[in-house]
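Consider the two complexes below, in which subunit A is the common component and subunit B and subunit C are the respective partners.
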Partner chain A sequence: MAQEVKERAQLVPSRRSPQQRAAARTGAWLTAPALVLVATFVLFPLGFAIYISLTDWPLVGPYHFVGFTNYANAFHDPQFVHAILFTLTYTGIVTGPIFVVGYGLAVLVRSNRPGAKFFRTVFFLPFVVGLTTVSYMFSLELQPSSGGVDFVLSKLGLVSASQAWTVNYGPALLAISVIVVWFASGLTMLVLMGGMQAVPDELYEAADADGASWWDKERLITLPLIRRPIALSLIISVIGSFLAFNQFFILVQNNSSLETVVEWVYQTAFNQYHLAYGTTMAVLLMVVIAVVSAAQFVLLRERSR
Partner chain B sequence: MGRQAPPRGRGSYLYLAAGSGLAFAFALPLLWAVVRSLEPSVLATAAPQAADFTHMTVSNYTGLLGPAEDIGLNLANSVITALGTAALTVVASTLAGYGLSRFRFRGSGLAFGAILVALMIPFQAVLTPLFLELHFFHLLNSLLGLVLVYSTFNLPFGVFVMRNTFAEVPDELADSAHVDGAGPMATLVRVLRPLVVPGMATTAIYAFLYSWNEFLQALTFLTSDNLFTLPVKLFNVEIATYGAVNFGYLSAGVVIAMVPCVALYVALQRYYVRGLISGALKG
Partner chain C sequence: MNVMTVTHPARRRWPKVVIAAVTAYITAVPALAVSAGAGTASAATSGFGVNATGTVQFWNRAATCQANLCKVLVDEFNATHKGLKVVLSLTTPNEAVAKLSTAIRAGAVPDVVGLNDINVPVFSREGALMDLTPYVNALPYKRYLSPGHLALAEYNGRYYGVPYLADLSVLWYNKKLFAQAGLNPNQPPTSFASILADAKKIQALGHGVYGFSFAGDCQGCLGFVMQPDLWAVGDNLIEGPIGHQKVNIVGNGPLRQLLQLYRDIWADKLAPANDQTDNGSTWGADFEAGKIGILPGAYGFLPGIQKAGMLADTGIAPLPGPNGGYSTFDGGDDFIIPKGAKNPSGAWEFITWVLQKAQQLIYPSHGYTPVRTDILTPSYYKANPYNAVALKALARGSAPVTTIYNAAFNAPGSPWYQMFSQAVYKGDITGALQTGQSGFEAVARQAGDLAS
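Showing the complex of A and B:
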């Protein structure tokens, strides 16, 4: 008899006690505010963006359905293509240095040595201050003649004291890349440090007993065991570069050769009022970021398994 | 879990020297920004001189906060928006984290999935539909609209952190409160709250700093000068919308924008880093 009841309970799991139903209602209500916000301001706009990109939606006035015209036009638009290539170039330039500097900093701060915690705090400070404020700061310091960058570099004899940094392609890309490496390597440092500190001490002790060099330990123990934090830090950094806006928008004026993807979206939709056309790039960006994020997610799942 | 016992002796001094040198190089631009802001405005357009240190002044700050620029209003907008974002994000994330981790209900998997999807969508990708939506709700050019959007984009991370936080609370604790006749909200407020405050702090810091530093959405969704947050106002100071650019004012604005971030981070670093490790690595 008891056996039969148990089987029935397993067969009909949906028949729940009043307490269970009350708990289910409570759980649903508790999750509702977050879900409503996410549905309203993320999920709905997601579908809406795709819809807008298939119309000729202006900032004001009526709109018509135009199919894939915006997409077809976009790929023949030199500025659109240039913004994509420029963003890829920028990503290619900064990703490596951010990783190498971040890794070096992580090696420096991962131990419990006196001072390590303080150094950690300082190296992460630029990231905490934020890219917007950092960009304003360097808009002053990159000024020809009066800026601190020219002051220091001309004293070292590297550039003339009136070098303009934010006008032409080469100097601007160099200056912004260096600023971003300074800004972002602290984040990579913390992500890698988390991974490094999780490596069991015994492995290093065993290697020490075998007389392994520092580099051997790094190469044969640390690197293989922090593969996932490495992949994560690279993905975080690549997504950040794909979405670059503040540093270029604030530091560079009137130079379309330094226009990123997100700047193109902003200028097209909100300065030229081609809302629908601007949205096509946003939709493509969304697809690319979703793919990169999905890769990150797969990595996370593998880790927790 | 630290690595290798701290070595003593010469190696330790070498480490401190190298670390200090590098730390100084990293902090230099930030320290320099403070010095720069204390220079008289005229000197801010000239090459740096040792003599600058002899006539330090707060005139850039008084000028920027005075009637000419009246950045005080923008500062207030930034504070209101950042506090509003932090509050809404913490409340919604805590409730959702509680609901998802301690109650079983149909659709909870779907709800969590929806929040996961949101984690992957950068706001830049939905900037134009958000603009139209806010316009429709009459929330364009409104700090409330900004708070709602900022909070939403902070929610996925917040829900993750809070769900993990609630999952770490021993079941017996919530169950015993339940047996004592406490309802779900009473259990949350009286029994669980002290245990989940660290998670709430992590969520709040991230939301506050996000809002404080956010530029593109504020630039797109706000159109009146008197509603601008600090980053948007500083852009107008930088490109000198209303006349000649005042480098002195901009340098003071940079420091005003920087100080709350640094203070908050240094004071609550533990929660910040904890969030980074648990949020970024454990998911």
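Showing the complex of A and C:
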């Protein structure tokens, strides 16, 4: 009986004071605009996308419900499966280097020594320029014979003849990965730097007093205390790689071995006009991203004390 | 008492009214679109397109208004038609089809659209466009309208559009390099053999000069300049009416010759190595630099050639067939009136005004070719010597009448590009033809267009 009373006490909301109710109302009003925007521009389109994925929605004209046929077809679509595997491969290739380079840059610019602000700006600049612009820039610089990349590498003696970087799988994936690491590590740097600057100096001073090396301080103080920024930077990086489109569309759009999921979705929806099927694959991609992001959150969350 | 019946505020179910509203919204949009699409826009009245009043909403692709042709036309029309006003909206590149289909679904269509002509069959097949047959047939100059544009506007013997502007493919050549190579600068190549022979002689000049150039990673560009070489002899890759089409690639003699020509050019290094990775962003730049002898390209290259100071050294010719003949890709836009347009009469009045000779004559100064061949007079030749060559080719021009053009030709890694790449860069022409045949058939089958 005592246990039942206790449970009821927990489940029935306690009476709140007028001040608490007023505060709750104010909170509701303040969050209402954001909730309305999220509902209008995120939740409704998401629900509508799922609705479309259950139909044979054409470009124009009537449509019919087809149940889960589109989902079943997607799992048997060799191009979709190939695009998923390639996107996973690409994500696996670039995520580590983006983090390592971003971490290194953050270490370089986290202090307020002279020139640090300048280099922060320089390292972040590629991200500000934007991936589309960067990709178009490199579509010229990667040209055989006339491109800057061939010119520099030949002067360094690293290539002997002109290279068509974007034609074959290996060189193209290497070139795009290098471009993306250069492009995205600035953002990782910024996120990690913010976390590093929030670590109290006293911890490092105490470590110095104990005779800790630079690596010991990074390993035992910095890394454990910036788990959240690390998780955030990795999640941003992985989601960006899963949604890769611009660089592949601009640089290697005709090479089907380098086709990402978003490229295949775009092609299905806007070149073949199979809107429902394209939407289905987009929904599946969204689910995969949600699962991977959730897994990262769990793996990188703060350990309970 | 069962404690499980206690409802926590955060776990309340959605009110039925909210569920009903969302459901109604979700189902209303397509329902409206379906009803709009099913409606007829019969406007067969004697006064149709004459002295209309009100406003005409006109959508034009930004891509085909680069030298302000559409703005000039609209401004002039509005200045001379007090009771009828045309309001221009430009559609961003690559979004014209999606935007129009969204408008059709929402039941809020414009009155007239300048639609990429290769996309017209996609909409006419779905019954989304107004049947303009009686009005097109009544045009006194109908037989002079661009045949390729008009064919794309026709579906099941009815016209759902009318030509608007032409963006054509031609053969540019460098007269100065021709002369230096001992060739007649007034005699452009007229066959595959003469293209190859001329390119070799120009290549021999050295000093970074190449005989030929093409945008080898731009599937759309390649389709635009290569197919006319086939149409010159009446050859088509896709044949038959929409819904019952056949793919004519394996065993296609002219196509094999065409791929062999490009393969020879590539294997003999008569084109720059950069061509293999040119996705169209630098197409024609090497020609403007005076380094290329022969360039199949767009007539729209003219302003760039002019700006580069190359015009005096540049010749223009139609794209030749294997052993003669010529043709061009009838690219550009068709006018269409979507079903459900509020002012179709006003739209047709604007369309017929644009098609008048006076308006057609201003096209060349804005980088486009008119769609009426009957304006090709000696005075037109004199005033527009370059455009006259393109306009003459327009009469023999063509464009594939199919709903799978984007998927078969323009899409990244399209069957057309796979075939080109395998033949030209790998030298496997027989295998490329098989790749093309199966790829085109797969796309047509998926669209329900392949003849059984």
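In this section, the second predicted complex is superposed on the first by the 247 of 305 C-alpha atoms of A that agree within 3 Å, B and C clash if a C-alpha of one lies under 4 Å from a C-alpha of the other, contacts with A are read in each partner's own complex, and residues count from 1 in each chain.
Going forward, a contact is a pair of C-beta atoms (placed from the backbone, for glycine too) under 8 Å apart; a residue touches a chain by one contact, two chains touch by 3 or more.
Given the structure is predicted, the values throughout are model-derived calculations rather than measurements.
Examine A:Phe270 and indicate which partner it touches, taking first as subunit B and second as subunit C; both and neither are also allowed.
In the superposed model, A:Phe270 contacts both subunit B and subunit C.
Of the two partner chains, subunit B (first) and subunit C (second), which one does A:Ser160 touch, if any: first, second, both, or neither?
A:Ser160 contacts neither subunit B nor subunit C.
With both complexes overlaid on chain A, does A:Thr89 touch subunit B (first), subunit C (second), both or neither?
neither
Quick check on the superposed pair: does A:Asn168 touch subunit B, subunit C, both, or neither? Answer first, second, both or neither.
neither
Have a look at where A:Ser145 lands relative to subunit B and subunit C in the superposition and call it first, second, both or neither.
both
Now for A:Val262: first (subunit B), second (subunit C), both, or neither, which partner does it touch?
Only subunit B; A:Val262 stays clear of subunit C.
Once the shared chain is lined up, is A:Pro58 touching subunit B (first), subunit C (second), both, or neither of them?
Touch partner of A:Pro58: subunit C, not subunit B.
By the touch definition at the top of the document, which applies to A:Tyr136: first (subunit B), second (subunit C), both, or neither?
Both subunit B and subunit C are touched by A:Tyr136.
Which partner, subunit B or subunit C, touches the larger number of subunit A residues?
B
Give one of first, second, both or neither to describe whether A:Asn73 is in contact with subunit B, with subunit C, with both, or with none.
neither
Using the superposition on A, tell me which residues of subunit A are in contact with subunit B and, in the other complex, with subunit C.
The overlap between the subunit B and subunit C interfaces on subunit A comprises residues 44, 48, 136, 139-140, 143, 145-146, 249-250, 253, 270.
Please give the residue numbers of subunit A that touch subunit C in the complex, ascending.
4, 7-8, 11-13, 44, 47-48, 51, 58-63, 136, 139-140, 142-146, 162, 164-167, 249-250, 253-256, 259, 263, 267, 270-274
State the interface residues of subunit C toward subunit A in the complex, per the touch definition above.
These residues of subunit C touch subunit A: 1, 3, 6, 8-9, 22, 25-26, 30, 33-34, 37, 94, 97-98, 101, 104-105, 122-123, 126-128, 217, 219, 272-274, 276-279, 281-282, 406-407, 410-414, 417-418, 421, 425, 443, 446-447.
Which bits of subunit B are touching subunit A when the two form their complex?
Its residues touching subunit A are 1-7, 12, 15-16, 18-20, 22-23, 26-27, 29-30, 32-33, 36, 44-48, 91-93, 95-96, 98-100, 102-108, 111, 114-122, 124-133, 148-149, 151-153, 155-156, 159, 184, 209, 212-216, 219-220, 231, 234-235, 238-239, 247, 250-251, 253-254, 257-258, 261-262, 265-266, 269, 272-273, 276-277, 280-283.
Any idea which subunit A residues touch subunit B in the complex?
Answer in residue numbers: 20, 23-31, 33-35, 37-46, 48-49, 52, 57, 105, 108-116, 118-119, 121-126, 128-133, 136-141, 143, 145-146, 148, 150-151, 161, 182, 186-187, 190-191, 194-199, 201, 204, 228-229, 232, 236, 239, 243, 245-246, 249-250, 253, 262, 265-266, 269-270, 275, 278-279, 282-283, 285-286, 289-290, 293-294, 297, 300, 303-304.
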